[in-house]
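Chain naming follows the written order as A, B, C and D, and within any one chain the residues start at number 1.
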Amino acid sequence: MREECGVAGVVQFKEETHPVPSALRLYYALYALQHRGQESAGITVHDGRQPQTLKGMGLVPEIFDKDDLVSLKGDVGIGHVRYSTCGDSRIENCQPFIVKYKSGSVALAHNGNLVNGLDLRAQLEAEGHVFVANSDTEVIAHLLVKELLKYEPVEALRNVMKQLNGSYSLVIMIDDLLMAVRDPLGFKPLCFGTIDSGYAVASESVAIDTLNGKLLRDVEPGELIIFRDGEVESHQLFDEKYSAHCVFEYVYFARPDSIIDGQLVYRVRERIGEKLAEEHPVDADMVSPVPDSGITSAIGYSKGSKIDYEESLMKNRYIGRTFILPGQAMRETAVRLKMNTINENIKGKKVVLIDDSIVRGTTSRRIIDMVRNAGAEEVHARIGSPPIVAPCYLGIDMASRDELIAAHKTIKGVEAVINADSLGYLSVDGLVAAIGIGRDDLCVGCLTGAYPVEIPGESICQRRQLKLHEF
Amino acid sequence: MREECGVAGVVQFKEETHPVPSALRLYYALYALQHRGQESAGITVHDGRQPQTLKGMGLVPEIFDKDDLVSLKGDVGIGHVRYSTCGDSRIENCQPFIVKYKSGSVALAHNGNLVNGLDLRAQLEAEGHVFVANSDTEVIAHLLVKELLKYEPVEALRNVMKQLNGSYSLVIMIDDLLMAVRDPLGFKPLCFGTIDSGYAVASESVAIDTLNGKLLRDVEPGELIIFRDGEVESHQLFDEKYSAHCVFEYVYFARPDSIIDGQLVYRVRERIGEKLAEEHPVDADMVSPVPDSGITSAIGYSKGSKIDYEESLMKNRYIGRTFILPGQAMRETAVRLKMNTINENIKGKKVVLIDDSIVRGTTSRRIIDMVRNAGAEEVHARIGSPPIVAPCYLGIDMASRDELIAAHKTIKGVEAVINADSLGYLSVDGLVAAIGIGRDDLCVGCLTGAYPVEIPGESICQRRQLKLHEF
Amino acid sequence: MREECGVAGVVQFKEETHPVPSALRLYYALYALQHRGQESAGITVHDGRQPQTLKGMGLVPEIFDKDDLVSLKGDVGIGHVRYSTCGDSRIENCQPFIVKYKSGSVALAHNGNLVNGLDLRAQLEAEGHVFVANSDTEVIAHLLVKELLKYEPVEALRNVMKQLNGSYSLVIMIDDLLMAVRDPLGFKPLCFGTIDSGYAVASESVAIDTLNGKLLRDVEPGELIIFRDGEVESHQLFDEKYSAHCVFEYVYFARPDSIIDGQLVYRVRERIGEKLAEEHPVDADMVSPVPDSGITSAIGYSKGSKIDYEESLMKNRYIGRTFILPGQAMRETAVRLKMNTINENIKGKKVVLIDDSIVRGTTSRRIIDMVRNAGAEEVHARIGSPPIVAPCYLGIDMASRDELIAAHKTIKGVEAVINADSLGYLSVDGLVAAIGIGRDDLCVGCLTGAYPVEIPGESICQRRQLKLHEF
Amino acid sequence: MREECGVAGVVQFKEETHPVPSALRLYYALYALQHRGQESAGITVHDGRQPQTLKGMGLVPEIFDKDDLVSLKGDVGIGHVRYSTCGDSRIENCQPFIVKYKSGSVALAHNGNLVNGLDLRAQLEAEGHVFVANSDTEVIAHLLVKELLKYEPVEALRNVMKQLNGSYSLVIMIDDLLMAVRDPLGFKPLCFGTIDSGYAVASESVAIDTLNGKLLRDVEPGELIIFRDGEVESHQLFDEKYSAHCVFEYVYFARPDSIIDGQLVYRVRERIGEKLAEEHPVDADMVSPVPDSGITSAIGYSKGSKIDYEESLMKNRYIGRTFILPGQAMRETAVRLKMNTINENIKGKKVVLIDDSIVRGTTSRRIIDMVRNAGAEEVHARIGSPPIVAPCYLGIDMASRDELIAAHKTIKGVEAVINADSLGYLSVDGLVAAIGIGRDDLCVGCLTGAYPVEIPGESICQRRQLKLHEF
């Protein structure tokens, strides 16, 4: 399961002394968001006259050279980290995406996925627009420029958003004006805060923490924030009755130390563990996480169950881009390279193994086999999310429906496949309670098959209103 | 505090089918030992005719290219990962170190530090020897070649070892004969096991695990192991009354999933936490580790104290080679990049913070300040090792005596410097009990100032015998 | 003086066996055109379904990796090498430039410069077009797509060309249809020929030679060539009375072994030397070229004057990207690195030094000083082109009018600046005669200040017709 | 045919202001010597306390980074460029080669080849010496250290030289004392001169020119030069009756602008052409060089024969590391990439083609075929050296005797193989006359099979004295 992107923006005000250039601030912010995308990264700053960009494939520390970064002048800038499927991994698709038009430039960093991206592209192509990349971001850029030719930025954004269906947390520079906008249902996180010399906006609050800043609040669903003249302007462009925050940000993607829509991710994961202990108790000797994503929930399960927390799997912290030769011996080595068992802790024990989710089931099977081979008497799998029964159309590259094991098998069937003595998934209600946000304000499309927005060929969640409510 | 090196060796027997080349096995073994050295790595294999080597600066996955590795032919090979101080970080100092002499070649991979390295070098120079690098390994290579011109390998090794004072776990290839030897006091770890097609020897058992092998046992102090004709020959060359296993391998360096001299490191660290809870109880709301090295001891402290285990510091998993500009704002950012606080967990809480050791005190101070700024009511530091009062001469690049805070301050003084509400160090006896090996068989030189071997200007542990006991 | 670009295209027909992939053919063609641009290069091939591109900064052998190239599948493709001024040296400006639109894709490789590029861009921006790069090529791509939405390719190209003012030799792929077009005045060279399995088109015939192909002919000014179904279709879209071939292609840019508009460049340069000998005879001991550009003209001068041809300056063939420290000593070293004097040949001699042109005069001065310091009795500069008195707007990045020494000084004045005993420039008539093409069919704008197309603020050559003549 | 190496040394005196660091001077010197070795390069400087080295594989501008170079402190240093056969191309074999011994350090840069290198190595190995590389240089370093333990530098060098058989031009630093020495027969060139702030020594005078220095003279055969306390000390250690300067330095290797043993290489090559015209006149329309090595001789042939000098082959100046696929079409492309024909110059013409030498004959055949295919009526090959009938043991990696076409075929036979209408080799006497040094002072081993030193299995030139004459 892969997250698509992380976004960030920084504006520093000229009246302040700010010894750290904006480009460098963005570099650190992207470091803090690196878990949201490891394929490419980019930074665009604007010096009042024109935008300048550095982009590259790879991790943040590999891409950006100190001298290059320091040469990027400007008080305002945006940045992006990206994960992507293979076909699209060209430098042209890296963000920020910058276009020049009649009145200046627009730079965009986007996290999310448009359900109607291809339709909008086709419509623009029919009007004669030409494209150089494959991304939704380019579509949004073209729509925005169209509107900017007629309207000032707020109105332009409102008109663009009317046309978009899907998830988008956007950080935007129109010339040197920094803006941030979140789709009306607030699928993807986006928050902002103060830094010593201005403001920062980012996918997750850890980026603001890293800049020694102070989180002010989340950008609201449907809200446009403009950082102008040292002030934060709020424009609530759409006001939907319900939100649709992605539950997997809490379950898996976000860093535990981030606060998203008011909820500390660490606390949510701990509660997930506690709920799991309630819903699926088991008589066992120890609770162990599948590192790293299961750690906090395992702590919670231990608290809830009073069963000792004990590590049984050790992750190699230095795994980079490795390679293996074909053959079974090598495949096992590849698994062992990433994760080793602590046999003495496991031998003869009844182990509760906590993982965040099951997608295809193959990794779970391999891990449980390792734990069994290490001598476990019993292995009880406890999963910090409900069965994933349907694909995500809103920005997570999970897998196709065919590949999702829970879309085709009962829980007993999955239990057999992964070779667990017992398998317990958290219930949807349990997850909702753990998150602490009402079910109507969450997107649980992948867990129920009913989505908060209309998706061709899929059903829509009945309580949802289709029409966007302008504010 | 930095560990100097990790070593590994692999021999695969021709009668076996072994589809995975030895060079590739070593590559995976070095991956598993990467935590023991991140500056450079090297692999040497021998194809029966001559040795071939790949070396480079950087991490294992950065150095070795698949095509290059696969082109390294040979059933037997050795490998090395290395950390080093700045002055020596030249490619010439990277290991394995290979020399050619009258009868063939000798390749060496060394973990440890000779107390009399410079003396031996001077002595060899006086005899006309010339050197190309600065390492103890080159000295050992020259001594070994000298002996090999007169004696067969076992006798030659015995004669070399008589001259060496200090720590050395060595993996050696004399032409294509694989050997492993550990100094008579067994300072540094070294173990061996079977793999499907032969044998592997390594600094830590995790390397053997990674090869899906089975740990047979540690190389004994003073023992020479020869892997010859599909057999394991043991030659107990020296038999000291006491050993001197480095306690910091358990406290800090080794991976928790390694078994060293019969003790699982994870279990030792957990016991360290339990002992700490006994020795330094405190009334607190939560026990938190300084990640990653404090995690297992914090779990132990939680068990021992019945205080909840809760994370308060989150480590960024993606920190590579970053850079900062001068200035205070940047220094704080640099710390935040690596480790962030989970404020909601900390606010208003009395926190027990578990770390493995204190060297200079500066990092501890910075972390405790972060936790205080996050709103902790009290911060109680509990340290999984006794005060470090003296330098290490046996292979750990800790710091000079001047830099060691506990060499100059009382515990109360350190407590004040690091700004803790209370500070508790584990006692030497507590540490010894946690390790589970008798105090006489451990090296606690840095904790007491009395060393197991004679070191100019330092005192020697009274119970120790100076003379090497030949077997 | 720098040439902007080189272009190439290859189509191989499916009925033929063609063991060498088109991408590889283009790689070799670009090698042969490397002298036309060393900053970046790119190759785009089309496999019938979609275009695929490799681009990069640097020299051709540095950019393209064998495995990557071989993975570029397709029978048809285009390539580009580019030199550019600093501000534009971003990967986004590298060509081929590819856009996707309603009906498919358009890929373009362009050599030349539009006089009305910014106007066209502004006009397109006013219509709502957005741009990602700064190049004329992007402007042409947008215009072409606009027309392709309404017309088939030939008509579309005709309509685009009606709007363009300036120089353009274009190689185009509309989906997988290869086309080549030259502006109505034929400023920049473009020719095509057969290769064993299809056709090749290129800026210079040497690229076709390198593919072991056979030059068929130049693309005519105003002609569109389409390579379709194994045939070469010619569409004479515009038919101007006069052409305006760039004279500096002959004087300096093109390789001597290229044939451009029917004239072998080597032969032209030799005649330049002969004419120079006629126009500016001198009593001297030897004729020497400034290597490499003066070599052929020096041979011609020697023939014409019967004065011995002798080398006095030796060029270092291995000069790559070097660096110097500030200071006079270093500046001299930088010159010596590139070119050394053969003192024994020079000492006490009257030397005729042949160079192709003088732009700022600084390099000429430095070279003449070197020759004097080597002991020359007299140094007579003979220049293979007339004084450059005006800037080029048609694709050569010479210098601004301010920087052109001949725009501000008499010949006697230039002679003094460069420290020559005598200075002789070739006359415009002499150059025209040497080229062997009528003056009315050449562009001599930089030599006269009267240009073949309307350029704001400059005068137009009176004999020229402004209106494009459609055929 | 490949030259092995180029060497350089620089010393700058402290009383002088010398704003350009010695490391940078060496960098420029190596640039000027790049034609002598393109595989690797290295620079070692000494700051009075210790040597520091930068080395790498590739071309000079690729290896050395400005910041790294500037950080190499020291008034004195040596450098090396190297070409080598495949098996030895490891970083360990790159020079300068530095060893540390009892009294300090020795750094060596070597051009040449020892006939008894393996014997000396075996002898040292028998004495217990160990080696880390495969080079003669390491052997010389060990021998030198042995002597330095007993004698001061001059005596030590004398004793080393007594043991060496073969060619060696050495630049040496014993600690920070710069020395240069040439073998008693002076096979390989070595010269020295003044630079503004001290002295420079180099394989060729062009390196001194590049530093804006002034050539003083060649190091004499058997002479040791020491640059000490601002003075140049000469020690004539050996004084052979005859020298044995390598003729191929003049024919092929050296740059034309170098002066070697008093002879300007350009002038020698021109005389070679004149002699060729005398010895092998032909009725033809034009004289053309095979570029670049045939250029100067072709100018000479033209002068001697009064036949017009005209270029018929054009070399691509941008050929880097390219790759080709298997197959005939590709092989032809590979040739065309490097060299193209100017067909119009060739068609219907009787061409005299001047090349420097014929080794295997395959390249000559391919070039003559190209010229024929371009329409030449006749192609007459004239070769600026006699037939190569025997291998070189003194430092040139020509080819084995089996591969040398002239070792197995008559001139008529070679003429047939290369497909020439006529073939004329320069005579040995002609070559000697052109060089302007007595035959007894030249090495013509590869042209006669009789060598100036004893080589096992080969005959020795009768006039030669075997014993070294100490001065």
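As a convention for this text, contacts are C-beta pairs under 8 Å (C-beta built on N, C-alpha and C of every residue); 3 or more make two chains touch, one makes a residue touch a chain.
Just so it is clear, the model here is predicted, and its values are computed rather than measured.
Each step here moves to a touching chain, and the least such steps from chain B to chain D number 1.
Considering every other chain in turn, none proves to be in contact with both chain A and chain B. If you average the CA atoms of chain B and of chain C, the two centres end up 62 Å from each other. Computed from the mean C-alpha positions, the centre of chain A lies at a distance of 49 Å from the centre of chain C. Remark: chain C and chain D have CA centroids separated by 37 Å (rounded to whole angstrom).
In chain A, there is no position where the chain touches two or more neighbouring chains simultaneously.
Every pair of chains in contact is given here: A-B, A-C, B-D, C-D. Contact residues on chain D toward chain C in their complex (touch as defined above): 19-20, 24, 28, 31-32, 34-35, 38, 59-62, 66, 70, 196, 206, 209-212, 255-257, 259, 264, 266-267, 292, 295-296, 299, 302-303, 308-311, 314, 316-323, 325, 327, 329-330, 332-333, 336-337, 340-342, 344-345. Chain B contributes residues 53, 90-91, 98-102, 106, 122, 125-126, 128-132, 141-142, 145-146, 149 to its touches with chain D in the complex.
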